[in-house]
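Each of the next two complexes has chain A plus one other chain: chain B in the first, chain C in the second.
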Partner chain A sequence: IVCGVLNIDMAVCFCFRDRKEWADLEPVPQDDGPNPVVKIAYSEKFSDVYDYFRALLKKDERSERAFALTAEAIELNAANYTVWHYRRVLLQALSKDLREEMRYITNIIEEQPKNYQVWHHRRMVVEWLGDPSEELEFIAQILSQDAKNYHAWQHRQWVIQEYKLWDKELAFVESLLEDDVRNNSAWNQRHFVISHTTGFSEPAVVERETQYCLNQIRKAPHNESVWNYLKGMLQDRGLSSQPGLLEKVLELKETHCSPYLLAFLFDCYEDALENGVPKDSLDQGCQETLEKALEICKLLAQEKDTIRKEYWQFLGRSLQDRYGGEVSPGDATPTAPASEPQQIS
Partner chain B sequence: MAEEEKQFEEFEQIDFLKDRHVRFFHRTLQVLPERYASLETTRLSILFFALSGLDVLDALDVVDSNIMIEWIYSLQVLPTEDKSNLSCCGFRGSSHIGVPYSTKGPGVVHPYDSGHIAMTYTGLCSLLILGDDLSRVNKQGCLAGVRALQLEDGSFYAVPEGSENDIRFIYCAACICYMLDDWSGMDIQKAIEYIRGSLSYDNAFGQGAGRESHGGWTFCAIASLCLMGRLEEALSQRELDRIRRWCIMRQQSGFHGRPNKPVDTCYSFWVGATLELLDVFRYTNFEKNRNFILSTQDRLVGGFAKWPDSHPDPLHAYLGLCGLSLIGEPSLRKVHPALNITQRAFQHLQQLQQTWRESTNSCGGQH
Partner chain C sequence: MSAQLKDVIIKPDAPSWLLLDKHADYIAAYGSKKDDYEYTLSEYLRMSGIYWGLTVMDLMGQLPRMSRQEIIDFIKACQHECGGVSASIGHDPHLLYTLSAIQILCLYDSLDAIDVDKVVEYVKGLQQEDGSFAGDKWGEIDTRFSFCAVATLALLGKMDSINVDKAVEFVLSCMNFDGGFGCRPGSESHAGQIYCCTGFLSLTGQLHQLNADLLGWWLCERQLPSGGLNGRPEKLPDVCYSWWVLASLKIIGRIHWIDKAKLRRFILACQDEETGGFADRPGDVVRRVLKSRAQIFLQCSECSGLSSAGGSFPHSVRDRRSLSPRRRADQGSKSGSVHAGGRPAEGPPAARPPQLAHHHPHKHRYPHINSPQLEAGSGSGLISVSLFGLNPSSAHVSIQRIVFQLLKFKHNLKTHSLHLNASLPSAAAKN
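Right, the complex of A and B next:
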C-alpha cells in the first residue's frame, strides 16, 4: 500500500487514484475558490495523497488504509497538525502498537527536531503508554546535535516533572556545562532542577551554587548566562547582603572583568542604596555607594559596554535623581538632560 | 576602482531596497513552490506577513483588496445551523481540510473542521489592513472559539482538537479580544497568572513555567499585558526594570533571542517592540541594529533572512521591516508595537470600534 518511493525523478506516479483498493473513495481537492491567494503549487503526487486524505477526513474513516495514508501525508508535510490529530484518532480506534509508534516518532523527530507537531505527538504517545523510560536518553541524543533546541528542553522538563525523574538531572546539566559553559539552556535547566528539589532557601545550597558560579566565571569570564544565574538566585535576598560576595566580585573585576560583572556590581550598589541601613541620602556611606554606582555606569557607557551607552547613562541619571539629594557627589556623571532622539542615516 | 565609485558601492551596501521588498511580498501573495508545503496550514499568517509588510512599505496599492477579503472570509469557520460547533469557530489557516469554498453561512458540518487561534488573529489583522469593516466576522463564534481553547492554568491551545499550549496563544487570544473589543473571549486573571508563572529567574519570559526565557515569548507576555491594560497591575516596577535590563542586553549588533545565541533579524522586532512597550527602546543603538538588519537583506530577490547570506522568508522579511520601522526608517510606516499592525491599520480599527460602541449605545442594547 505504500505509494512507491518518494522520488521526484520518478516519471510514473503510483497514485491512489489509480489503485483499485481506493476506487470506492472520491478524492477531495483543495478549494480556494476563484482567486486563490498565497497558493502553493503542489505536484501531482502531493495533491493525490492529500486529496485522498481529505476524502478520508470527510467520512471520518477509521481503517488501516487511512492509518497508512497518514504516514505518507506526514512525509510530505510533517507540519500539518490535522494529519497528526487524525493519526492519533486512528492509533486509538485501531488499537495500534504504541511501541511501534514510538519508534516511528523517534525517527521523524530526528529528521525534523524543530517541528512543534512531532514533539506534541511524542508527548501524547508517552502519556498513553505511561512509560517515560526512553525519554531522557532520546532527548539527550537530540541535544547532542543541538544543545539549545527549545522543543527538546521543553519536552525534557515535562517528562522530568510529570514522572519525577529528577535524580540524575543535575549531573546531566553539569556535563552539558562542561561541554559549553555558555549554554544558556543548560543554566536554565540547572535552576529548574534545584528549585524543584532542594530549593534555594538553604544557605548551604546558595553557598555551593555561588562557588560554582564564581568558578565558571574564572574559567570563562565573558558569559552572560552565569551572571544571570547568580543574580537570579540572589536578587530577592538582597545582592548587597550576601556576606563576602561584593569583595569577591571586586577582586574578579581586576582580572576577569566583563560587562556582566560590572552590571552585577551596579545592581549590588543599587541594592545597597535601596535596602542599606543608612537611609538618609545625605549620609556619607550612601554618597560613597552612589558615587561608586555612577562610576560603574560611566565605565560601562564609555568603555566596557558602549552599545548600551544610552541605557547606562539613563540608569545613572535615574539613580542620581533618586539618591542624589541636594549635594551632587564628586566627579560622578552630572545630571544630564534626556539624550537627543537618535537619527539614523 | 576610483575612490568615488568605491564610496558609492559602500553606500549601496547599506541601502534599503524598498522596491525589492515590495516585489518580494507581491510574489508571496501569488504562488509559492512546493518546497513551501510546510506552510500550508498557516497560509493565512503568510498572507498577513505580506499584507502588513506592504502596509509598512506604504505599497498596498499593488494589492486587489476585494479578492483578498473574499479569500479570508472563505476561511472563516462559521456556526452550523444548530450551533453545535461554536467551540470550533474562528478562522482556518487554509483550505487544507477540504471544506468547499464559501464566504457565507451557515457553517458546514465536518468532523474535523475548526479554526486555529493564530489564524483567527492574523485573519482579523489582515481584514483590518485591507480596510474591511469586519461586518462579516461572526464575533460570537470567534469569541466562543477562543474561550473554548483556554485551559485551567490560563494558557491556550491552538485548536480545539488539542495541541501544545503556551504563551504564544495567550498573545493571539489577547489580540483577538482586543480587536473585537470584547474580553469575554478569555479569563484575563488566569492568563495573567500563567504569564507571571512564566517569568524566569533571569527576569524574562519562557514559553511556560520553568522554561528558558526567550525574546519571542517575552514579547508575547508584555504585549498581552499591554493589550489587556494590565501591565503595571501584573508586574511591579522592580520587575519591569529587571525585564527592561534583560531585554536591552539582547542587543549584540542586531538582537538575539536568548543569551549566548546568534543574532537574528526577527528579534529586532520581538525584543525591539518589547523595549518600545517598556519605554526604553530609545536607549538602544539604532545604527548597529539597522546595519545588522540590512546585512540580512537579500539584494536580489528582496526580503530579509534571519542571518546574512541566508535565504529570505516572509516572516523575517516582515519582521525585518518592522524592526526598521521601530528605529524610524524614513520610508516606512509606524507599527503598533503590541498589535503588530501599522498605526494606520490601528486607526482604522479604532474608528470601527467607535462605530460599534455608538451603535450599541443608540440601540440601547445588544449590538
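Right, the complex of A and C next:
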C-alpha cells in the first residue's frame, strides 16, 4: 500500500477537485500548525481526498457525498480514527443501511485485520443492529488466516459474552487446538469459556481438563501454553491436590521432558512443602522434596534453560530460605542477589 | 507435531555493533516523496510521534535543538472544547494523544499552555462505572486507556479526580491465570497490555497487588534462544516487544531475569546493514522506520546502560512534577531475605491468581512486601502508551531531523559499549 500510491498514473486520477459535483467545496489543505515544523509534499491522491475530507469536517456536512468520501479516505488510511468517527456520525445522521455497512466492514477487515479502528467500528454496527448472528463465523474465518489475531479474539470474547453465545465455543477452541496445539490465544479462550460456564470448581471438570492437558503434552511436549493453563487451573487449590498428577508428570519427565515440565514439577514440590505434609504419592519426606526441587532449579539454570538462569537461581534460593537450612554441597552457583543490581548493568 | 520453537536465526554475519553511519544515511534519505507519504499516513498519531522524537532527543541531551514554541503552539491548536487533545489539527480528541500532549508539555515545563483543568475533566469523563476507561466518546475500553488516564493525571497531580479504587479494581480484573494482563477481562495476556497495567499499578501505588514472581517469570519467558523477545507464547520475536517486556520487568524489579547480552545482540542484529534502519526482527525488511527507532534507542540505552537506573523519563521532569513512580521492592539478597527463617509478615501463605480474574486481588508467591516504596523507580512507566497499539508505518518527520542530529553526535553515544566481542558464539548454533 505504501509504495503503490506513488505509481498512480495521475492522468487517470479522477480527483475530487476535478469533479463537478464537488465544485462547491473549498478544499482544506493540511494544517500542521501556525508554524509548521516541516514542510512536506504529499502524494497527490492522498492530499486530494484528505483536503476534501477536511473541508467536509469543517462544515460538519452530513451528506451522501461525505459518506462516500469517508470510504475513499479509509481506503487510503484505515488507521485514521477521525475518519471512522465521522463515518459513524454519518451512518446515524443519514440512517444508512447497517446491513450494507456490515458488508463493507467485513471487506475492510478482511483486507486489514490488524487494525483497532476497523474492529471497533464493526462492534458499533453490531451493537446498533443488535444482531450478532454473523459474528462467530466471520471471526472464525479471520482466525483461519491468522489464528492468533489479537483483535479478532477480543471481538469474539465481546460477542460471546454480550450475546451469551457460549454453547459451541469449547468445541471451536478444540478444533483450533487440533490445528495448532501451541496456539496460546486458543488456550486463553479455553480458560475464558470454562470459567464463564461450568467454572473450575467441579472435580469432574478439573479431571477432564487435566486429562486433556496431559494428552496435549504427550503430543507436543515443548508447549508453554498447555503448562500455563494446567498450572493456572490448579494453582488455587494447590498443585499437589490433584491425585495422581505428580506421578504422571514424573512419568512424562522420562519421555516428554521440557523446561516447562520441570518448572511444573518444581511448583508441585513447592506446593507440597507449603501445605505441610507431602501427599502419599510423593512418598518422601520434606527434606527430600526440598532437595528434589533444588535439583530442578540447578538443572534448569545450568543446562535446560540457561537463558533464564537468574530466575531459576532465584527460585532455588527462595525455596531454600523458606524451607531449608543448609546450602546443599552441590550448589556452587554464585550468590547473585535476587534484587536488581543497583548499579547500571 | 514438531518440537521446533518459533524463533529466528541470527546469522553469524549479522551486525553486532550500532551502525550509526548507516542509520544516518537512512535518515538522510528520509526526505524523499515516499517518506513524505508515510508521514501523511501517520498524521493520526502525530502527537505521539512528536513525543517519541522529543524523548529520544532528551535522552541524548539534545532537546534544545527542537522547535519548542512551534510544538507548543501545535498542541494548543489540538486541544478541543471538551478538554481532550487530538493527534493533529482537525482530528478528534483521544486519551492516547491527550497523554502525549501532556507529556510533551511536561518535558517543556509548559503545562500552562493549555487548559489543564479541562484535560482533567476530559479524562474523568471517560471513566466508566466499572472503573475502566474509554479511549474517547466512542467507548472502546482497554487497559491501555486506564494507563493513559492515570499517567496523565499523575503528571498533572490530579489523580484524585477519578475513582482510583474502581480504576484499580478494573485493571486487576484483567489479570489472567498466568499472571499477565490483557486489554479487557478475559483477554489474552500480552506484553504490551502488561506494560500498561504494571505502569498503571505503579502509578496508583498498587504494585503489591501483582504476583511479581509469576508475572516476572511470564515476562522472562518471552526471551527466545535468539535473544529476542516475543509478546506472547509461541510468537516470533519482535524488537518492539523488547521495550514492553523490559519496561515491565523494570517496574516489577525483575529485569535481571532477562539475558541482556543476548537481547542486545538480537537488537543489533535487527539493523539493516545496507539501507540502515531497524527491522522488527533480523532478516526482515525494514519497516516501521522511526517509531521503532525511538524504541530502539530507548532499548539500546537500557541495554548499554546509557539511561539512568531510573528509566527513560527525565529526572528533571519527575522532580518538577513531584512524581515518585514505584517499582516493586526486590526480593533482597541471599543474606537479607525478608523471610529468612520466618513467617510472612502478614496474611496467609501466597495465594495464586484466581480462576476468575475479576474476583479478588492476588497475593504474593513469596509474601514479603507490604510497602513497595523505593527510591525513585522506573520512569519507564511514564513513556507514552501510544508507543503501543498503533500501527504507524513511520513517524513524524521531526524525528527524522532529531535522529539525524543525534546521529551526528555519535561520540556521545559510547558506541564502544555496544560493540560485542567478536568471539561470541552465534545464537544460530543453538537453532
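Annotations for the structure displayed:
Heads up, the rule we're going with is that the second predicted complex is superposed on the first by the 299 of 345 C-alpha atoms of A that agree within 3 Å, B and C clash if a C-alpha of one lies under 4 Å from a C-alpha of the other, contacts with A are read in each partner's own complex, and residues count from 1 in each chain.
The definition used in the following text is that contacts are C-beta pairs under 8 Å (C-beta built on N, C-alpha and C of every residue); 3 or more make two chains touch, one makes a residue touch a chain.
Predicted, not measured: the structure shown is a model, and the values here were computed from it.
Touch criterion met: A:D60 reaches chain B, while chain C stays clear of it. Within the superposed three-chain model, A:M233 lies in touch with chain B and with chain C [touch as defined at top]. Once the two complexes are overlaid on the shared chain, A:A220 sits against chain C while remaining clear of chain B. Once the two complexes are overlaid on the shared chain, A:K114 sits against chain C while remaining clear of chain B. In the superposed model, A:A71 lies in contact with neither chain B nor chain C. Shared-chain residue A:L129: touches no atom of chain B or chain C. One of chain B and chain C touches more residues of chain A, and that partner is C.
By the touch criterion defined above, A:G199 reaches chain C but does not reach chain B.
By the touch criterion stated above, A:R317 is placed in contact with chain C alone, chain B being left untouched.
Applying the stated touch rule to the two superposed structures, the overlap between the chain B and chain C interfaces on chain A comprises residues 28, 30-33, 35-38, 40-43, 46, 50, 54, 57-58, 77, 79-82, 85, 116, 120, 148, 150, 153-154, 157, 161, 182-185, 188, 191-192, 195-196, 223-225, 228-229, 231-233, 235, 307-308, 310-311, 314, 339, 341-342, 344-345.
The residues of chain A lying in touch with chain B in their complex are 28-33, 35-43, 46, 50, 54-55, 57-58, 60, 76-82, 85-86, 116, 119-120, 148, 150, 153-154, 157, 161, 182-185, 188, 191-192, 195-196, 223-225, 228-229, 231-233, 235, 263, 307-311, 314, 339, 341-342, 344-345. Across the interface of their complex, chain C is touched by residues 2-3, 5-6, 28, 30-38, 40-43, 46-47, 50, 54, 57-58, 77, 79-82, 85, 88, 114-116, 120, 124, 148, 150, 153-154, 157-158, 161, 181-185, 188-189, 191-192, 195-196, 199-201, 219-225, 228-229, 231-233, 235-236, 274, 307-308, 310-311, 314, 317-318, 321-322, 335-345 of chain A.
Of all residues in chain B, only 14, 28-34, 36-44, 46-47, 50, 64, 67-68, 70-71, 74, 94-101, 103, 110-112, 158-159, 161-164, 200-203, 206-208, 210-214, 242, 245-246, 248-249, 251-253, 258-261, 280, 282-288, 290, 327-329 touch chain A in the complex they form. Chain C makes touch with chain A in their complex at residues 1-3, 5-6, 33-34, 36-41, 43-45, 67, 69-71, 73-74, 77, 86-92, 94, 136, 138, 140, 176-178, 182-184, 186-190, 216-218, 220-221, 223, 225, 227, 232-235, 250, 253-257, 259-260, 262, 305, 308-309, 330-334, 337, 339-341, 349-356, 366, 389-393, 396-398, 401.
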